[in-house]
Amino acid sequence: MLTVVNSPLPDQQNEARDITEAFYRQMYTIRKVEQNLLDLFAQGYITGTVHTSMGQEACDVGVINALDRSKDILFSNHRAHGQFLAYCDDVEGLIAEIMGKETGVCMGIGGSQHIHKGNMYTNGVQGGIVPNAVGAALAEKTKRTGSVVTVVLGDGTMGEGVVYESLNIASLWSLPVLFLLIDNGIAQSTPKQLEHAGDLATRAMTFSIDSASIEADDVAKVYSTAAQIVSEMRERSRPFFLHVRTARLGPHSKGDDTRPKEEIELLRQRDPLLKIAANLPVDLRMEIEQKIDSRIQTAVEKAMLASHPGLEQLRRA
Amino acid sequence: MLTVVNSPLPDQQNEARDITEAFYRQMYTIRKVEQNLLDLFAQGYITGTVHTSMGQEACDVGVINALDRSKDILFSNHRAHGQFLAYCDDVEGLIAEIMGKETGVCMGIGGSQHIHKGNMYTNGVQGGIVPNAVGAALAEKTKRTGSVVTVVLGDGTMGEGVVYESLNIASLWSLPVLFLLIDNGIAQSTPKQLEHAGDLATRAMTFSIDSASIEADDVAKVYSTAAQIVSEMRERSRPFFLHVRTARLGPHSKGDDTRPKEEIELLRQRDPLLKIAANLPVDLRMEIEQKIDSRIQTAVEKAMLASHPGLEQLRRA
Amino acid sequence: MEKDSNAVVLGEDILDPYGGAFKVTKGLSTNFPDRVFTTPISEASIAGLAVGMALRGMRPIAEFMFGDFITLAADQIVNHAAKYIGMYSDQIKLSLVLRTPVGGGRGYGPTHSQSLEKMFLGLPMFHILAPSHFVHPGEILAHAISTGYPTLYLENKLLYPEVLKLEQQDGAIHRTVYFDEHNYPVVALSNFPDNRKADIAVITYGGISRLLGSILNKLAEEEIWVTACLPVSLSPLPIHLIRSLTEGIKKILVIEESSPAFGWGSEVTSALYDAHAGKLDGPILRMGAANSVIPASKPLEEKVLVSEEKILSTVFEVMAW
Amino acid sequence: MEKDSNAVVLGEDILDPYGGAFKVTKGLSTNFPDRVFTTPISEASIAGLAVGMALRGMRPIAEFMFGDFITLAADQIVNHAAKYIGMYSDQIKLSLVLRTPVGGGRGYGPTHSQSLEKMFLGLPMFHILAPSHFVHPGEILAHAISTGYPTLYLENKLLYPEVLKLEQQDGAIHRTVYFDEHNYPVVALSNFPDNRKADIAVITYGGISRLLGSILNKLAEEEIWVTACLPVSLSPLPIHLIRSLTEGIKKILVIEESSPAFGWGSEVTSALYDAHAGKLDGPILRMGAANSVIPASKPLEEKVLVSEEKILSTVFEVMAW
């Protein structure tokens, strides 16, 4: 099942406004979907884990839109809702999946951390997806498809040794893998400085991988940087290490946030959604938000009514 | 069983000659023991694997003598005979061990790749000893013993992810671990450039670990560099990454060398044993060599007569 | 940790105020700041650090946030911990415990719900424990760290909220405790007066124990007399105790949370057949999870895992033979 | 690889002229330079690369230089390969084979001699194969890479020098081949004329097979009639075939190279008891290695591992019951 999703993003010709509008649509959708998920969790309609991307939408939307959705490949981790929606905009499939319904993208079997659609794959064990991404890049290179593979890493995940094995191999074999390090400065409850010695932005340099470090406050900036990087990677078939500094506004998962209120308040002021919202006329924004709100509303209602998967839908052997 | 071995090395006061003599004694012993081991293997007295340090003696002897044998700790890998002899000079125990006799340091149970005496531990699985070394350093630091822990790595072993986890943790927790990378430019049959992207000498820098890269042709130079590094580490309780460039003169193990003769000939010209031998008067050298030759001879004969371990010596549970 | 100055604790996110994903270590870092280490996300190294510390005479207790991640420490467990202790001549002690929450029932999905003990059962020189709420977990942990054997200590997530049941008698249920050669308890529960013999033996461990109280009571009402046998030590298996506790019982049911194929129950079953074959009425039954991933969808997860209902209906079935 | 342009091979030191530590891949890199990848020493990534390639429709065959190092790939096997195929809605195919030499008898010592299949037996959605020299390893490998299931393919080091025995009849020994539901062969060897029934069934796999020819011949001379049963697929277990092949045989011996506790034989034994209990004469015997590390010293290693002598004396013992 390889559904090719057409980019909701207008091509370069159109003016900034349309692009801003498109980005806002995606970012607002992500934010709203995740707020709904947290509410549904609080109300007991969702069990397990819900890792939200709230605050990181500029990174997710900026980078994903720089990819060629018709052939590029994306591996991600436990915090992938934002990337998933930016990638394929399947609000209905995601909400149903996380509610454990058979109408979910993985029939409710995978849940929040284990989703797959088209060329996107996520898994919940930190680090293990990285060699998978490198292997996928090797496969695509062997098949000469010109696909670029992006793999999402968190700052905490840089603690896993297999990440370094993969950096070495991707560079050694000259594979087009975009190592996207989404550095929100925290891993679950542990601040970066208790997880890492040295500067994460420099991790890939010893493997001769070109690297860049950017702030993810302005989605347009993230997009243009990523677009340039990806097109160069495609040309040269080389890996790249993109370090994106961002902020996790919500809890790690569900409600488990032990950070002081003030700290979170400070982060809120960097909310990329506010920043981009400011660039849109209020009436237009209202219109966009209403449409999205009601779409999500409907998706939730549909998912509520959908039934759970049965044993017959579960693969056994 | 923690046997404290007195350093066969005269203290700093004595003149260069004595030091050279002591180093030569150790290096010649290592070379001779390993030549004997290869012969014994060829004659069928040894089974399994025999990874020799031939060509790397200057590194083994130079670094080990920079340690405080009364309390420093050493973790090593499959190619540890040289370090073992430099550490504790137990020719008899090593030969018997590799011949699988109960008089061996590990009663013949561990064999060439799995030896332990005093504060030295080796294991045959690449990379896994590295976090063990970091854990040992954490233990010693907690116990305030002032011990420095050295862990030996090969260039090929830098492919293992756990090495990078350990570099990060040793630096993050400021532990006195000397990461000794013995870079002989080859892993079994694979040249370094097919194993690694980038420069191995820079691997630890992103973790804020001080690093140095030296040539292991002159044992005295290796010793003085290592001694300075170790004393600083002890003072500051910090890790250090020492990259030592050396050459493997023998096969990987037993007789499996697919390198062209000419290549090995070139390496032979860098043989550190020849270099140091040149600094000693012939008669003195002869005397040293004869003593060592007959000591090894006797050790081999003793081991020949020793019996193999029995089931009752094997720990079961 | 108060008593033992060589005890250290390491794991991910274990510092206060968070105190670990399942709060097991809450308070420790406040009381013992120099002996509680929050680690990077590096499971292989968490195990490797513990092994290195144990080699140097410390007593590390390391936590894996989810039992599913023990896979990342497999090389440290198999080729390091279990080898150092066996391959060096002097009888090295390796006092170290790897703790981890295991099991499903929380809707965490395929990579956060497994019971992977199967991977290490039978590994020489390595112990695997799975306390139930019929024993005192703290006492067992304290004993484990003193044996000198590297030990994997499994805590079923669903036991965290349970209250310990350590009384000799609780309603219809009698609790008797035996000790195996490594001094780990084997708990025997029975739902009948001493003067009779059990109709069926149920052998299980860990999380399944939370279901036994209610099951034994319900079966008592049906006058189905059960002896439940709960070893703490999964490997090595205290088979002689299990044998004698099941001696003369005609029906045997072995239950584990994971899928039964090549599981703990396979060893228990073959060992009990060796002892009781011919004296049994029908085959020894094994129960466990479906042979699939553990799905995130909670209702489906319940269908995949063992439940009180499934156990009861199986017992009724067996009794009807 | 000629036939299948999607087949790729990866592993350590596999390039010519070296051609791999055990020379299995010799020649490949010369014939298929773009589809043979020599890797860094990164076992987790070797498995991870294979999984990623398989996700994208390639058919990777990855080699681990020693089976002992499979521990480093445990997370890729358990939480990635075996999960991608089970947790995503569309029926993903993962055509990938992890090959590795296993077993002792070479004096390689504790970390280079193990048979660790135990770790992954019973893992849902994952296949484990161990060919003997009574089947064609190449054909089995070719089939394995076509099933769409991630597969671990174990090659016992001591089988490398053996010549394949594929004849129907070899001296006193008849060879019959059956196929299980995944189309893997189960070889039955017997040392007696068709008109009689076996006195004892021997069930084993992999490297132990090298001993069977001589053992069956010697037992034939003693007029001890044996049916040996050698499945290629260790997990899932073709139990119905093993059951029917052992139907009516009164004595059963199950042999594996690793230590028997919680091993392959535990599952086989309990499953056969389920089927044959009551019809057997004495318990089902399990044989395997001592419960210790595998020592480097060759004479001691021989004492630790199963040998022809030990098997013969056990059979005589069993027959004397």
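Each chain gets a letter, A, B, C and D, in the order it is written, and its residues are counted from 1.
What we mean here is this: contacts are C-beta pairs under 8 Å (C-beta built on N, C-alpha and C of every residue); 3 or more make two chains touch, one makes a residue touch a chain.
Being a predicted model, the structure only gives us computed values, none of them experimental.
Novice: Would you mind naming the chains that touch subunit C and likewise touch subunit D?
Specialist: A, B
Novice: Distance from the CA centroid of subunit B to that of subunit D, rounded to the nearest Å?
Specialist: 37
Novice: What is the distance in Å between the mean C-alpha positions of subunit A and subunit B?
Specialist: Taking the average C-alpha coordinate of subunit A and of subunit B, the gap between them is 47 Å.
Novice: I'd like to verify one number: the distance from the centre of subunit A to the centre of subunit D, where each centre is the average of its C-alpha atoms, in whole angstrom.
Specialist: Going by mean C-alpha positions, subunit A sits 42 Å from subunit D.
Novice: Counting only residues that touch at least two other chains, what does the list for subunit A look like?
Specialist: Within subunit A, the residues that touch at least two other chains are 107, 109-110, 114, 123, 125, 159-162, 165, 168, 172, 194-196, 314-317.
Novice: Counting only residues that touch at least 2 other chains, which ones in subunit C make the list?
Specialist: 39-40, 42, 44-45, 68-69, 72, 75, 79, 83, 86-87, 109-111, 124-125, 236, 291-293, 295
Novice: Would you identify the shape of the chain contact graph, picking one of line, ring, star, complete or other?
Specialist: Here the contact pattern is complete, since every chain touches every other one.
Novice: Touching subunit A in the complex: which residues of subunit B?
Specialist: Touching subunit A from subunit B are residues 159-165, 168, 171-172, 194-199, 202-203, 205-209.
Novice: Which subunit C residues qualify as touching subunit B in the complex?
Specialist: 8, 34-35, 37, 39-40, 42, 44-45, 47-58, 60, 75-76, 79-80, 83-92, 124-125, 149, 236
Novice: Would you mind writing out the residues of subunit C in touch with subunit A in their complex?
Specialist: 12-13, 15, 17-18, 21, 38-45, 68-69, 72, 106-112, 290-293, 295-300, 303-304
Novice: Which positions of subunit B touch subunit C when the two form their complex?
Specialist: Residues of subunit B touching subunit C: 1, 73, 104-107, 109-110, 114-116, 121, 123, 125, 128-140, 142-143, 161-162, 165-166, 168-169, 172-173, 314-317.
Novice: List the residues on subunit A that touch subunit C in their complex, please.
Specialist: Within the complex, subunit A contacts subunit C at residues 47-49, 100-102, 107-114, 123-127, 156-157, 159-161, 187-190, 194-196, 256, 258, 308-311, 313-317.
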